[in-house]
Structures are given as structure tokens and as C-alpha cells.
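Paired with chain B in one complex and with chain C in the other, chain A is shared by the two complexes that follow.
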Partner chain A sequence: MKEFTPLPDKPAPNDVVGIIPWLKDNLFPTPLNSLVTLAIIAFFVTVIPPLFDWLFFSANWSGTTQAACTNKDGACWVFVIAWSKQFFYGSYPVEELWRINTCLLALVAIIVASFKLHKDLRNKIAIPLFLLLPFLSIILLDGSLIGLEYVATDYWGGFTLNVMLAAASIIVAFPLSFLWALGRRSDMPFIRSVSVILIEFFRGVPVLALFFMGSVMLPLFFPEGTNVDKLLRVWIVLTLFMSGYMAEVFRGGFQAVPNGQYEAADSLGLGFWQKTLLIILPQVIKISMPNILATFVMLFKNTTFLLIIGIFEMLSTTQTALTNSNWLGGHSTEGYLFVAVVFWICCFSMSMISSSIERKLDTSHKN
Partner chain B sequence: MSINHEQSIENNDDIIIIKDLNKWYGDFHVLKDINLRVKKGERIVICGPSGSGKSTMTRCINRLEEFQRGSLIVNGVEMIEDVKNIEAIRREVGMVFQHFNLFPHLTILENLTLGPIWVQKKPKKEAEAIAMKYLERVKIPDQAQKFPGQLSGGQQQRVAIARSLCMNPEIMLFDEPTSALDPEMIKEVLDVMVELADEGMTMLCVTHEMGFAKKVADRVIFMDAGEIVEQNTPEELFNNPQTDRLQLFLSQILDH
Partner chain C sequence: MSEKPQVKSSPSFFNNPRNRSLIYQFLLLAGLVYFFYGIITNTLANMEARGIKSGYDFLFTTAGFDILMSLIPYDATYSYGRTFIVGLLNTILVSTIGIVLATIVGFLMGVAHFSKNWLIRKLAVAYIETFRNIPLLLQIFFWYFAVLATLPSARQSLSIGEAIFLNVRGLYLPGLIAESGAGFVYTAIGLAFTAIFFLARWARKRQNDTGQQFPVFLTSLGILFGLPLIALLLSGIPFVWDFPALKGFNFRGGITVIPELMALALALTVYTGAFIAEAVRAGVQAVPHGQTEAARSLGLKESRIMKLIIVPQAMRVIVPLLNSEYQSLVKNSTLATAIGYPDLFTVFVGTTLNQTGQAIEIVFMTMAVYFVINMTISFVMNRFNASVELAERN
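Up next, the complex of A and B:
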């Protein structure tokens, strides 16, 4: 019998590799496509140079007052630079800013640690730290409990407040929403109906309405004389709102875990919580990761709505700056553009982190 | 009925005792008056057309399926509606599934040590030693650090068998363990199962591998339409079928 030898590899034909065939195939395959390509090039040529000129070349960079913005054809970045401390830190006392920075550094450090640490340590160290972080941060920022100068929440503000509120909300919402999602799947009628009511309420009511309820209505339910901090109420509202959405994300994740996984866990004799936490939860998180992140980005951007109830987050600080009597020169384009860019950079970074987590979790199996 | 019941508990030879087991899916009567006794160390192959209830019956034994009437005693413990009781029975019964059902987010070694560590509360080192012992027995110790998705179907199924064995079960249930495998991988899984049978493990195996049945089974059970129609030694059952239904079934699977 003749021995089997596969045919030798041949190179790809010349007319499909290289730049010229690529251009021909992708940009000018038909007359109509060629026309569209040329139109797009023309659009870039007319729009990009003036835009870059306004943004960078003619822009005013140095100075501390409005008077420094001499070139009216360029952006007045002096406005953004002069107000940058307020944009980022609000009215928090300058000499105490290290507290905010410490909290943010701790957040970044824990995120990095959860990537770098070995799996066993990650579960034992990073997760508890994550859950503790919001509370430790509040203690540090408030200061009165640990002998530092007391800083009332009225002074907290700026972009760091957006970040910390969003982070603190999602951290608490994570376990809460998981329990709600679990409750919604429960066989026990009471637990199931409570979960469904909570989820549907916080998903069905607009976030702005929830904020108003938190700031105006909620105090009516507290006993006379108790004064629950406004920021704390906002945090609770954000957490519950986030939990409602994430519970539905988790529910989708639960449904995507094959029945065989439950059966295999059952047949080993694992108890309900062992099965849920060791087998099901890791797979649910993996499946839900893109949606969890999308929900988080939504929540993060929604923190700017807080300007309506008078929380000094970044957008409301920007509006304050725009109406400041020393800066009435019409810098709203620069101001809002800056807010947009800062938020965009953060959201885009989170997308990158998320896809990196997805790659890390993807152990290439579909069964 | 309760008198029979007490008698059956006294009989120590029988590790599984199923009495008048009935199960319905809604109106559909899947299992009809199933009576089955399995001796310790006995190897039983269950065959029958699809939808005959053979998988369902097997899955009742470790309570992956509920039943509505009848009684079931596994290793001296009666199956009742109680979580602790069900978990106790599941610890004695290993199960191998058609689709392996390995935990995809854990390495092979972690798949094997999960039960010993969390259910039997063994120290990690000891659990890993046990896991490696069984991985060697199914001849894939070199795959310990890989994830299930990186293994072939036959390897995954051998890991699944090893995972069950790590719990040191009294009984092993196999629910069509080779049906999802390519032909060249069926043999490697059957080899492991034959070895296991030779060591005296009590086995209940739902399969269409008649060669395996002839080789290892002490008894072959033929089920159809939710009933045990015939049971006998493999030689008798295959060569001398008593019922039309079994004759028809055998003619269909042995024709080619």
C-alpha cells in the first residue's frame, strides 16, 4: 500500500497580498465605493486641520486668569487648568487631598492585585478588601472617627466623587444583586416575590426619580431628628438601582450555565451554597462580564445626574465654574468637552480592562 | 408494603433496593412499578430504546430526579425528602454523565479535588495525592494542570470517571458515558470502565455498547416504555430473548 503524504503548501497568489491589492479590494472595488472613499477623504481634509488648530495649535495654554486667553480662534484651556483642582476634588481641603488620593490608589491597587495575585490568594485577599474598601474610604474621607480633621460631605466633590460613588455602589451592588438574582430563581414563593418586586421596582423607575426620592422623600421615612447624610442616601439609591440591573444580568448568566453543571455538583454531594459559590457563581460572572461592565459604565455616567439634586460631582462643578463672575467668557465648549473626554477615557479604559478579564477567564471551552 | 420494606433493610447484600418506583412528568408516566435489587459488587448494564426511562431510573438513584411513589434504599439509607439525607446518599454514589459535565473554570486537578476538599473536608495536600492517584489510573496524570476545554472528549470522560472515584463511592452510575464520543475514543473510556469492573466496583451502566455488556455485566436489564421488560445474564438475554420487544430492539441494534 502506498504511504499517505499530504500535498506541499503553496504560497498565496500574488494578486491577493500586498498594499495595492488591499487598496483595490477594500477602498476602490467599485465606482460607487471609490466615490465614497474620496468623499470621506475630502471630509477629513476640510474638518481635521481647523479642528486641530482650535484644539491645539491656536489654543491658549498658559496663564491663570481669563485675560490670558488672548487668541480667540483657539480653545481657552486656561479655564480648565485653573479650575482643574475643583473639577477633580471639589471643595475638599487642599491639605487633605492625600486622603482622596489614598482611596483612589487603594482602589487601583486592589484591581491590579486581583489581576496579578494567584487564584487562591485572590479569593482570600482581594475580594474581602474590595468589599471593605467603600467603608474604609468613607472613614478616611470623613476623618472624624480616626482623629483626622473632619470633612463634611458637603465638601466632597468633583470627578473623584463620581468615581468613588460609582465604585462604592457597584462593590456593594455585586453581592446584593447576586442574592436578588438567586432569590428570583428560588423555589420559595416569599423569597422569589420579594426579589422580583425589588428588581422590577429599581429597574422600572427612572434613575432621576430615584434620586429625588432619595433626597426628598426618603428623609420623611426616617424618625424625627435623625439626619441621614445626603451623600449616604444617594449612595444607597445608586446601589439599589445598580443591584436591580445587575440582578437581571446575573439572571441571564444563571440561565446560560448548563444544567449538567448543577447535576455534576449535586452528584458530588456539594451543598447548596458550595454548589452556588464554587461552581455556578464563577461561571455566571464569566458569562455576565461584558454586561456587568456595560451596566457599570452606565451607572458611572449616571452619576453626573446627581447635579440635579445638588451633589457637587464633576458636571455640576463645571457648571459652577462656567457661571463664576471671573470666567464669564463663554468657555462652555472647553468645559463640557473636558468633562466628556475625562469620562470617555475612563469608560474606554474600563472596556479594555473588561476585555482583558474576559481573555483571562476564557479557558477556551464551550461545554 | 411496609413489611416488605423492613425485610429489605435487613438484607445486607443488596446495596440498592428499588421497590415499586413510579415517576410522572406531568401526566406522562415515565417509570412504572420499577423493582430492582442490586448486590454489592454487581455490574449491571441497562439498555433499551430511547425514552424507555433507563436514564431517568438511574438518575433517581442519586436523586437527580424525584419520584412520586415507591421506595429507594441506597447503601442502607432510605431516600426521603431531606437535604442532609440526599447529600449523604450522593456521597456514596458516583455519577458519570453523557456530556462529562466537568467544571470548565477549574483545572483538571481542581475538578478532582473539589469534592474531597469541600464535601469530605480533606486537607488540600491529601486531596491532591488522591486526585493524582486516580489520574494515573485513568492514564492522564500529565493533564492535571490543563483546563477541561483543552482535552479531547475521551480524556474528559476519563477525568469525569476519576472525579467520581476521588469521592471513594460505593456505587458508580454511568449515564451513556460513551454516547457523545467519537468512535476512536470510546475504547479508551470503556477500557477504564472494564478495569473498574474488574476491581469489584458496584456499577450501573446505561449504554448501547453491547460488547461491553457481554464482557463485564453480571446482569443486563432491558427497559421499554418505563418498565423493566427483561433481565438476565448477557448471554441469555442477547441469545435467547423472551419478549417481542427485546427481539425487535436487538434486531435493530445488532443489524449493522
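Up next, the complex of A and C:
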């Protein structure tokens, strides 16, 4: 009996695989497209070499003063290097920098821990620590309460301030916005209207107006003689602003939890808070994670607006450096480029994480 | 033993949801009343201690400061109320420019994402990912301090055909000066728009009734350009060009676009454009592929598939996103204050607040203005959204 053997596979035709068909399909599909491709390539050929030359090959890398920037055809990275401590830490005393680093490390450690730890440990240790972290950090950075050298908030600054302010605001905004979102879904008419007004107010007003409100109106609200720290007022404003946006994110999350989950919790006899915290909240956070990250990126970028009310975050440190009398050589391009790259790396990686979570959660079979 | 436990027919007072919700709401109300009472008494005490006046009388006193750019006649002798209007108009100007340009850039880049050309696709992605992830304020500074400040001085201006000049002091465009009889042309333009509106309505009705199509787009184009052109010729061209010319150290005549406005409009356009491009991309991707396949199997041309199948469905995703992008553009235009473009925020919350010290009234008025602008945008976009929404049968 003759056994059936299939013929060997034929190789794919030459005009669909390989580099030349790819080029034909993707770069030169039509005459017009070919022209555009050539124009773009020509543009890159003329722009890239001088740009790279300015950025790297002719750039000035070593030195400590402006005089070290001898090659005028290249970027003066000496400016960035000389000011890098200021860019990242502001005017915080050099020997006390370990405090800032400790706070940032703690933040990273807690975030990692809450993903890696066992559920019980996470709920009992990581989450309370996470919620307390802003306050612990303030105690450490300020120093006067625990016997360290006192560092006034006027000296806090730089990129680490952007990071810490954004993180501290979102951490406090988590419980607050959750309450607002619950309020907006509540059956009680008065609680619902108060929540709607709060949320829409903080979403509808420019964040700059809120900062001005924080700096010119908040002092009027406190009893006479109380002097509230500028950074604290900024933190309050950022937290409320963030809560407005996050409340809407959470509301979307609540709506995405299937009704059966609520009904199942009710039929088990769970009370309102048990139902909300044990059944609904974990699902809401999971569903809303990409949007929470996107909102955080927005908040993080918006911390640069603090320049306008005179907080020494990274961009305003750069502005100060650019107008410093020892560095009046027109280094604005280098300075802004550096700040842009730092922010870009942070925001881009966060949006990558956000979209990877989104892809993991997305189980629809599109296309 | 057989005694049954007594079951209450109604829950205790505190376990009754109605009573509970009343108690909670009353507690919130009491808390809020206490909070606002505290704030108001503190504020009044503080204002008295610092000698701050209250009320809106300051709007009618002389402002006494100049404003860099104004769309209406203004000088230092006008009142604070006038500064409010000047700032408001400047805000509306930059927001309108930003919204129009960002929409154009955003749609171009969003569509470029689906180009057949690999390079164009990658350029669109690079544009979106670069400008979305850099803080807007930094982009404003970059355009203002690093790009526009390095332009040549007035004498070495870059120029196009001796009509448009670009230098470190701004962009100079030729302007049109209307002479008597211009009203005739304006009427013709208004008439053209009205005619197009009614033509489109008539054509849609005819198509619904009889199935016959009417070339609305070409006819509209003809009306839009034809009517004003006829009016222009009939009235003997009542406009003259006003070209900018170098007189002394600066240009005079024409329309001047100050560098602050240019930097702000550029940054807002590029930044918001990236978000709109992302919205357009999301909208087009949200249309299931089966729709395109079904359209192809019906034998529609690729261009008709785009116009009749993809775009109407993508718009349902795009329009709500556009709504929030436009609103955030208006809110972001307050960053004008960082480079000194005289928008509402710079003029009113900046200078006027500094001079009068009436923080509460001024911040309140400004917030109210942004609220109203955003409500207007939201209203218009929601009307637009209703027109593109899926018509569901209930």
C-alpha cells in the first residue's frame, strides 16, 4: 500500500518576501508616495548630520564654567553638567541629599512591594505605608521633628520636587477621589450634588487659576496670623485638582464593573462598605489603572506650571540658571532640551506601562 | 423550646436606609455650613486687617497700565473693566487660532498614521509620542526663548515677496483696509453662507425623498467664492492692501503678530495637535475591520469606504475626545502669563489683581469666564456629537 506523502512546501513567491518587496510596498507604493519618501529622506540627510554634530561630536562635555565651552559649533553640555545638582535637587543642602534619595527609594520600593507581596501583607503593610508615605517623607525632608538639620521648604526644588509633589498629590487624591466618585453615584441627592459641584469645579477651572487661588485666596481663608507654607498650599491645590480628574476615572471604573457583582455582594449579605471595599474597589482599580496612569502623567507634566507662582521645580531652576550672570551665553536650547528629555523619558515610559496594562486587560478580538 | 424569636417587621430607627441617608446628608450639610462660616468670617477679618476693599467698583476706575496687544482701542486711561474685555478677547483669539490649527494638524497626523508609506507612519508616531510627553510650558518656552528669540533683527527680516516679514519682533502680514462699499461685500458673504445652509438642507431632503443626489459640495464652493466675487467687482473692489514697510527701526502698517502670540499659538497647536492625532487614531482603530471588508464586498471604492463607512463611525469616538481636548486647550492658554502674552489671565489675574488687591472678585470673575467658555465648547460639541451619534431605536 502506497503511503500518502504531501509534496514539499513551495517557497513564497519572490515578489512578496524579502527586503525589496517590503521597500516597494512600504516606501514606494505609488509615484506620489515615492516622491514623499524621497523628500523625507532628503530632509533627514540634510538635518541629521549637523544635528548630531551639534549634539555630540562638536559638543563641549568637560569643564565647570562657561569658558570651557570653546567650540561654538557644538552644544554646551557643560552648562547642564554644572547645574545638574540644581536641576535634580534644587538648593537642598548637599550633605542632606540622602534624605531625598531615601524618600524616592521608599516610593519605588513600596510600589514594587505592592505588586510582589502576598495579598495579606500587601493589604496590611504596603497600602497603609503607601498612604502614609507623603507625611513620613515630609517629616524626613523637613528634619526638625526628628532631630535632623531643619531644611526650610524654600530650599526644596528641582526634578525631585516635581516627582515628589506629583506622587504626594496622587497618593492623597486616591482616597479623596474615591469618596467623591462614590458620592457622585450615591442615591442621596444632597451628597450627590455636592460631589458633582466639587468634581466639575476642579475639572473645569484652569489649574493655573487654582494655583493663584491657592496663593492669593487661601491665605485669606485661614484665621489671621496663621502662616501656611507655600509648598503645602500647592500640595493642597494639586491634590484637589487631581481628585477631580481621578473621581471621573473611578466613576468610569464603577460603571464598568458588571451589575452582577453588586448583586452577588448584596445577596451574600455584605454591608455597604464591605461590598465597596472588598468586592468593587479591587475591580475598579484594576479596570481604571491605565486611566489613572494617564491622569498621573498629566499631573506630572502640570507640575512645571508651578514655575509661575515661584516654586523652584525643574523648569524654573532652568530659567534661573539661564539668567545666571556667569552663564549668559544663550544656553536655552541645551537647557530646555535636557529638561524635555528627562520629562519625556518619565512620561513616555509611564504611557508605555499604561498601554501594556490596557493590552493585557483588553480581551476583545478586534480585527 | 418552640418559642419563636420575635422578628421585627421594620428595622430599628438607625438601620432604616431612609433615616440613615437623612442623617448623613444632614451631617454633611452641617459640616459644610461650619466650613463656609469659618472661611467667610476669616476672610472678612483678614480683608479688614489688610485694608482690602470688596465689591465690583474697581471695574470702573482708571487702570493706568498699558497692554502689549489689544483687539479693541485701549490705552492706560481706560478702566479696569476695559482691561477685562481686552484680556478676554485676546484669550478668545489665541484659543480660536489654537483650536483651528490643532484640529488641522491633529487630523493630518492622525490620518498619516494609516498611510501606506512606512516613513510617514513612523513620522506620525514620532510626532505624537514626542510632543504629548513634553510639558506644554516647556514647549512654550522652547518656541519663545530658543526659536523665536534667535530670529534676525528688523533690518535683516526674513521676507516672502516683500509682503510678509518675520523678525525677532514678530510676524508682519499685509492687511486689508476696507473703504466705503465694503458692507456690500460683507453682505454677499453672509448671503452665501445662508444660501449654502438652505441648499444643503434641500439637497438632503431631496435625497431622502427621491434618492437622487445633488453635487452640494461643488455648488457650495461656487456660491461661496462666486457671490462675494461678483459683489467685489460690482462695488468696484472697495479694499486696499496695506503692506508692512520698514520705517525707522520697525515695521509699520499691515497686521502685526507679536512673538508672544506666535509662540503660544505654536505650542498650543503642536501640543494639542498630538492629542487630537491620538484621538483620531483611536477613533479610526475603533471601527471594526469587518466594516471595511463588508464595504469592499459591496464594491465600494476605497475613497467612498473612508467617507461613507469609516469616518462616520470613527467620529463617534473622536468627537467626545475632541470636546475635552478643546476645553483643555482653552484652560492651557492661561500659560500665556509665563511669556507675557496679554490674555485674560496675564492682564486680569496678573496686573489688575496686583494693583487692586481684590483677589476674590478677580479670581471669581476669571474662573467664571473659563467656565462659560468651556460650557460653550461643550454645548457646541455635544450638539455635534448628537448629529454623529448612532441612532438607536429604544
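Definition applied: the second predicted complex is superposed on the first by the 331 of 367 C-alpha atoms of A that agree within 3 Å, B and C clash if a C-alpha of one lies under 4 Å from a C-alpha of the other, contacts with A are read in each partner's own complex, and residues count from 1 in each chain.
Just so it is clear, a contact is a pair of C-beta atoms (placed from the backbone, for glycine too) under 8 Å apart; a residue touches a chain by one contact, two chains touch by 3 or more.
Everything numeric in this text was worked out from a predicted model, so none of it was measured.
Novice: Identify the partner contact of A:269: answer first if only chain B is touched, second if only chain C is, both if each is, neither if none is.
Specialist: first
Novice: Contact-wise, after the overlay, does A:283 reach chain B, chain C, both or neither (first, second, both, neither)?
Specialist: first
Novice: State whether A:361 touches chain B only (first), chain C only (second), both chains, or neither.
Specialist: first
Novice: Look at A:261 in the shared chain and tell me whether it touches chain B only, chain C only, both, or neither; answer first, second, both or neither.
Specialist: The first partner, chain B, only.
Novice: Compare chain B and chain C by how many residues of chain A each one touches, and report the one with more.
Specialist: Greater contact footprint in residues on chain A: C.
Novice: Could you say whether A:56 touches chain B, chain C, both of them, or neither, answering first, second, both or neither?
Specialist: neither
Novice: Should A:208 be classified as contacting the first partner (chain B), the second (chain C), both, or neither?
Specialist: Second partner only, chain C.
Novice: Need the overlap of the two footprints on chain A, from chain B and from chain C, as residue ranges.
Specialist: Chain A residues touching both partners: 366-367.
Novice: Provide the residue numbers of chain C that touch chain A in the complex, in ascending order.
Specialist: My answer: residues 21, 24-25, 28-29, 32, 39, 42-43, 45-47, 49, 115-120, 123, 129-130, 132-138, 141-142, 145-146, 149, 285, 288-289, 327, 330-332, 334-335, 337-338, 345, 349, 353, 359-360, 363, 366-367, 370-371, 374.
Novice: How about chain A: which of its residues touch chain C in the complex?
Specialist: 25-27, 29-30, 33, 36-37, 40-41, 187-191, 194, 204-209, 212-213, 216-217, 219-224, 297, 301-302, 304-305, 307-308, 315, 319, 322, 332-333, 336, 339-340, 343-344, 347-348, 351, 366-367
Novice: What part of chain A is in contact with chain B in the complex they form?
Specialist: 258, 260-261, 263-272, 274, 278-279, 282-283, 286, 361, 363-367
Novice: Under the definition above, what is the set of chain B residues touching chain A in their complex?
Specialist: 62-64, 83, 87-88, 90-91, 93-95, 97, 99-105, 114-115, 118-119, 147-150, 163-164, 167
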